[in-house]
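Letters are used for the chains, namely A, B, C and D, taken in the order the chains are written, and counting of residues starts over at 1 for each.
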Amino acid sequence: MTVQKRLLGWLADAALILYFLFALFPIAWMVILSLKPTNELFSTYFSFSPTLDGYRTVLGDSEGIPFVRFFVNSLVVSVGAVVLSLLVGLPAAYASARWRFKGSENLMFTLLSFRFAPELTVIIPLFVLYQKLGLFDTYVGMIWVLQLVTLPLIVWIMRSYFADLTPELEQAALLDGYTRKQAFVRVALPLVKPGVAAVSLLAFIFAWNNFVFPLILTSNEAQTVTVGALSFLGGDRPKYNLTAAAALVSVVPPLLLALTIQRYLVRGLSFGAVKS
Amino acid sequence: MDTHVHDRRRFLALTAAAAATPLLAACGAGFGGDDSKSDGSAADDVTGSFDWKREKGTTVKALLNKHPYTDALIADLKSFTEKTGIKVEYDVFPEDNYFDKLTVDLSSGRASYDVFMLGAYMVWQYGPPGWLEDLGPWMRNSAATGTEWDQADFFPNLLQADQWSLKAGAPLGQGGQYALPWGWETNVVAYNTDVFKKLGLKPAETFDELREISGAIKEKAPGAGFDGMYGIAVRGSRSWATIHPGFMTMYARNGLKDFTVSGGKLTPAMNSPEAVAFTEDWAGMVKQGGPPSWTSYTWYQCSSDLGAKKAGMLFDADTAAYFQAVKGASPASGKIAFHPGPKGPDGSLATNMWIWSLGMNAKSKKKSASWLFLQWATGKEHLLRSAITHNHIDPVRKSIADAAAYKDKMRHLPGFIETFETVVDQTKIQFTPQAQFFDATTSWASALQEIYGGSGAKSVLDDLAGDLAGKVG
Amino acid sequence: MIRLSGIRKTYGKVTALDGLELDVREGEFFCLLGPSGAGKTTTLKTVAGLENPDAGTVTLDGRDMRGVEPYDRGVAMCFESYALYPHKSAYDNLASPLRSPRHRLPADRARQRIGEIAELLGISALLDRPVGRLSNGQRQRVALGRVLVRPARAFLLDEPLSHLDAKLRQQMRAELKAIGAVQRTTTLYVTHDSVEALALGDRIGVIRDGRIVQTGTREEIWYRPYDTEVARAFGRPRINLLPGTVTPDSGFRTADGKVELPILSAAAPGTDVLIGVRPRDLTLGEGPGHRLTGTVYVTEVLGRSVEVTVRLGEQHVSLVAPRGEVTALRPDDPVRLSVRPENLLLFEADRPERPGRRIDHE
Amino acid sequence: MGWRLALRPYVLIVPALLLTCGILYPFGLGLYYTLFDFSASKPQPDMVRFENYQTVFTQEAFWNSAWVTVLYAVGAAAVETVLGVTVALLLHRSTIVGRVLEKILILPLMIAPVIAAIIWKLMLQPSVGVINYLLRPFGLGGVQWTDTPTGALLSSIAVDVWVYTPFVAILALAGLRSLPTSPFEAAAVDGAGWWYTFRRLTLPMLWPYVLVAVIFRFMDSLKVFDIIYALTEGGPGDSTVVLQIRAYLEAIRFQRYSFGISYTIVLWAVVYLAAMVLVKHLGKIQRKAAEAK
């Protein structure tokens, strides 16, 4: 390796570190905020008397905000939304990738366009509807509305995934004597596993972080962490330390999920995301 | 709808057919005039002698904003349930989004919440569509209201602030009582005593002095050991909430009006020559002595800057300063004093205010129980307890403002009680009531930002007035 | 027995099969030969039920297969891509049919059966490997094994040898033909390689543009090709085709008059024709039949024999001669050639829309 | 039995369709609302047909918002694309540093955008924010990040970039990892320079992957709400009032429901059209990339 090349390598690493400074600094700052007592929030920058009180307050459901319940709600609602989208979206993605049936292109595109529809279009009608149907502030209601977030993503990406998978594998299974359903479950599905894992993670994160839907469509029963974390800002003083602590606590599930499927994440998106 | 419209609708066949029912239901139930006004108040159904236990076993749902008053209320709910046998279920939402939540909820015409917190300005928005229960009949019905509630004990201007005849431009204090004052904030100047002492300053008595002092602090304080300190913190974000505290107070003290009313017609007055001059001065004050990045300033930034010793003064709600001033709350604790703020040219201390009020959903099916709750929450017993053991300050009741225990509690804050007592009688809603309040004040805030950014005050305010004339008039 | 009649299949604007007729007899090894894009794979998949024809009928053993699912047709297919399950081991790939509801065997019998097949194909040592770690040849054997491991009414083999190197291909060709099951079972074998077709096929079908052009034994195809394309498809070096016209005395003459040959076929004088002669039917030097003279253009050694290209006027012809006979030849040396009249094939001249058809003997 | 075969894809897609209808229904309802003058001050709405849309299109505010929205979306998508691809390229070298950092690449995506914006707002507050504090030694302690129209827009884009660059980077990295190696080996043998390899090989083959990310990001930032709402609320002046903010103010804060929803419908139409164009383009690019391989 020439000196010049090595130097370039270092430069590249330095550039990378620079980006990650930008990417990680706010998170580091959130950690610092979360460890600060409320009265030192603005008085100092890096020297303070660290305390876990912030976390205690958040997890101890004091301040009148049942954050632990919101946390459980978020889990139920996000997992539920992703699972439902997978159950419904995988067959749809598969069908539209395997059969060029009438209107499939338009159908898929319309489905995708929901992903990009402004939430405000539906929020008022949906509120009225939910009140009528008794879905307001329920898990079912949230899981339903989060389909707007998760379903198009899953269908769109998984569809390209299935399209990239040669149909001959399932055809081989058919000739081996398996039914179409068995061919899908035993052959196609295991092969797209990395894609399913990666896209589920993304869908989970987007569902988990959604703000407007839970804000308007839930109250105490089904409220989620994002709205919950913001609640700490109100009151006598803006308690950024509690908001930061709550936000960091709510990063834990997606983070754990991401670490579990780390080995699939990049690979999983590698051929899925492309073909339209 | 006529047949022509029907034809027109056919092309929408699918959505329309599916959609029609809920929409009409929503309109009918949410905004229908006929069902709410037909025959008197539900308060008339309450007869006999007053009884706290009348609605035993009922559950009332409350929507609450995250606030110290709320904390005090929640802490005391047990005693309400003990007293009445009524259970209270509540949802608490963050302040930034509280009114979005409430607005959507009320507009749906559903009674998901029986009672909720609101400000006096919200009465102007929620009242006309008929979402708010007129509490007058309840207050006047001795079978529904116990004598100890003592209506006369409220500061009259507060009670009046929640009364309105639902007609744009009609003065407050007439018509229905659409909410009850519960806790409030008057807008005054709080200042850092350290920096005032060090620089030899005295609280401003006129607006010119205020501007001068603001500039002086920003210029001199950083050199005098107050790192990064500027003169005066006032709100500046592009929000209706920017207008009502310091700005509207000073505006009113200068004898200025937002609208002029004649013959039931509202004319925007923010572009009167005097208003233009004042607005220019205000923007100039912010530029010379205000916070950096002022256009992002909400009360979070304003109050935390005062607490962090970055702001020499705060012209905002007295409570915002109070929560930074109490012991151990911030680096500036113990160094914050209160002052009524500059007087107008004619010596006016007209002050604008924010009232956290409690209202009742007109669609509530548990009005009697809800009224008991409102009565208790605005009653002497609870308010005194929460003023003393919690932080329910700026009492809406004279008896509490005068209570020795309360005064003792507030005494350590220099000037707090004096300031309160000075301005309380001149504090009222300084805006002209009208349903487009939020649109008007949001545009107003945007106009302020533009002027601050260097646009000519006259043309910006003329545009604003022109725009609002169409919407409000 | 496989019969396809009037099969049409289009994908959008592309016609894959255009009224295809095909008849594979019971127990026969039938080779379907054609260039890529001719519709070979579509034909196989139509038989297997993986593609539904737009029109026409597929009959297996006399039964109409319309609406019969692939798993109910009882055919086994080896895909050109092998279509091995990449997430499974070689053993599991072989076991896949035997675990299916259709062909299930008890585990011990399945193991025994897989053992036999692996033995037969020489892959016993590879069974535990994931298919990703097998060479192309090994994968091909596994794919074949998956076909053979289960009972089948017919085998459908799609270019199974095409991805193998030449030596392996030759070896596999021999092995394939030797496998008992293949000998007994109706087999439809698709290839683009005429040598493979000639070596393996009991009968050969030539497919082009979604239609069968010619069906026949290898002799029929070789000696009576339907048209110039079929003639060109078989035999390496390729058949020599010389353009010319039919003379009034029923002869053949090239434009420059350097080549004149008698013809046995009836063709109107003046017709533009191509005369075909396979390189191995041209003899160097004096021999029986007609003689031609020319000069050596180039020689190219093909192992024990040599391909000699000879210039006949403006035309070139190739011939194959034993190496010993041509060692002395240098470019531009004059040579004599001879050809037997019965080895001459007469074709219509190629036209833009279709290759020239063979003009039959009288 | 032929019809059963033809029907199969529909059968598989029916659950998704049903669910889509469940989603479609409130959309239809929203669309229907826009034909009325439904607002808090108009309790009994009348059908006004397309009057709301007429008003939208004749308002100067709409065109201002549309312009700001496009600026924001183009800016955010462009920066995220360039930065994301750069980061992916740097990570793709798989140095020790890169391998460690790759594991935490996704972190910013996990912070809810609204919270990210609040934290950024705090960090950018010149009086007590940590960024101005850290920049003080460089003489930049007094920068008022969000105080000018340009500054506010750039700051909002910066937060968007912070949250979503990992999304682009992950997709781009996935793309890089799936590129065939042989063309690169060939180029290396030919002694092609870094820049040539990048321009002629990496970029064309990577582009489809990146474009998917760009489409998602561009579409998503056209309907930005959380970040701007929490950071600038649309100010100063009207400089960051993107369409969704305007729609929010109209529909929820000012309670002109029909009118506010009309804004979102127009926005949706714009996004739909933009997506259609981009997806068509994507198809073309993919075909080209497939040929390149």
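The criterion applied here is as follows: contacts are C-beta pairs under 8 Å (C-beta built on N, C-alpha and C of every residue); 3 or more make two chains touch, one makes a residue touch a chain.
Please read all numbers here as calculations on a predicted model, not as lab measurements.
Asks: Count the smallest number of chain-to-chain hops linking chain A with chain C, moving only between touching chains.
Replies: The fewest steps needed to get from chain A to chain C is 1.
Asks: Mind naming the chain pair that shares the most C-beta pairs in contact?
Replies: Most contacting pair of chains: A-D.
Asks: Name the chain whose C-alpha centroid is most distant from the C-alpha centroid of chain A.
Replies: Ranked by distance of C-alpha centres from chain A, the top chain is C.
Asks: Starting from the mean Cα coordinates of chain B and chain C, work out the distance between those two points in Å.
Replies: 89
Asks: Could you state the distance in Å from the CA-based centre of chain A to that of chain D?
Replies: Those two chain centres are 15 Å apart.
Asks: Approximately how many whole Å separate the CA-defined centres of chain B and chain D?
Replies: Computed from C-alpha means, the inter-chain centre distance equals 36 Å.
Asks: Can you list the residues of chain C that touch 2 or more other chains?
Replies: Expected reply: no residues.
Asks: Which residues belonging to chain D are in contact with no fewer than two other chains?
Replies: 25, 27, 29, 31, 33, 128, 252, 257
Asks: Please set out, as single numbers or ranges, the residues of chain A touching at least two other chains.
Replies: 42, 124-125, 128-129, 180, 230, 233 - these are the residues of chain A that touch more than one other chain.
Asks: Which positions of chain D touch chain B when the two form their complex?
Replies: That would be residues 25, 27-29, 31-33, 35-36, 38, 40-45, 47, 49, 121, 124-128, 141-142, 144-149, 152, 230-238, 241, 249, 252-255, 257 of chain D.
Asks: Give the list of chain B residues in touch with chain A in this complex.
Replies: 19, 22-23, 25-26, 63, 65-68, 70-71, 74, 89-98, 100-101, 104-105, 107-108, 110, 112, 300, 303-305, 307-310, 319, 323-324, 328-331, 333, 391
Asks: In the complex, go through chain C and note every residue touching chain A.
Replies: Against chain A, the touching part of chain C is residues 45, 48-50, 69-71, 75-77, 79, 81, 83-87, 96-97, 100-104, 146, 150.
Asks: Going by the contact rule set out above, which residues of chain A touch chain B in the complex?
Replies: That would be residues 38-43, 63-65, 123-125, 127-129, 131-132, 136, 215-216, 219-220, 223, 227, 230-238 of chain A.
Asks: So in the complex, the part of chain A that touches chain C is made up of which residues?
Replies: 166, 168-169, 171-180, 182, 187, 190-191
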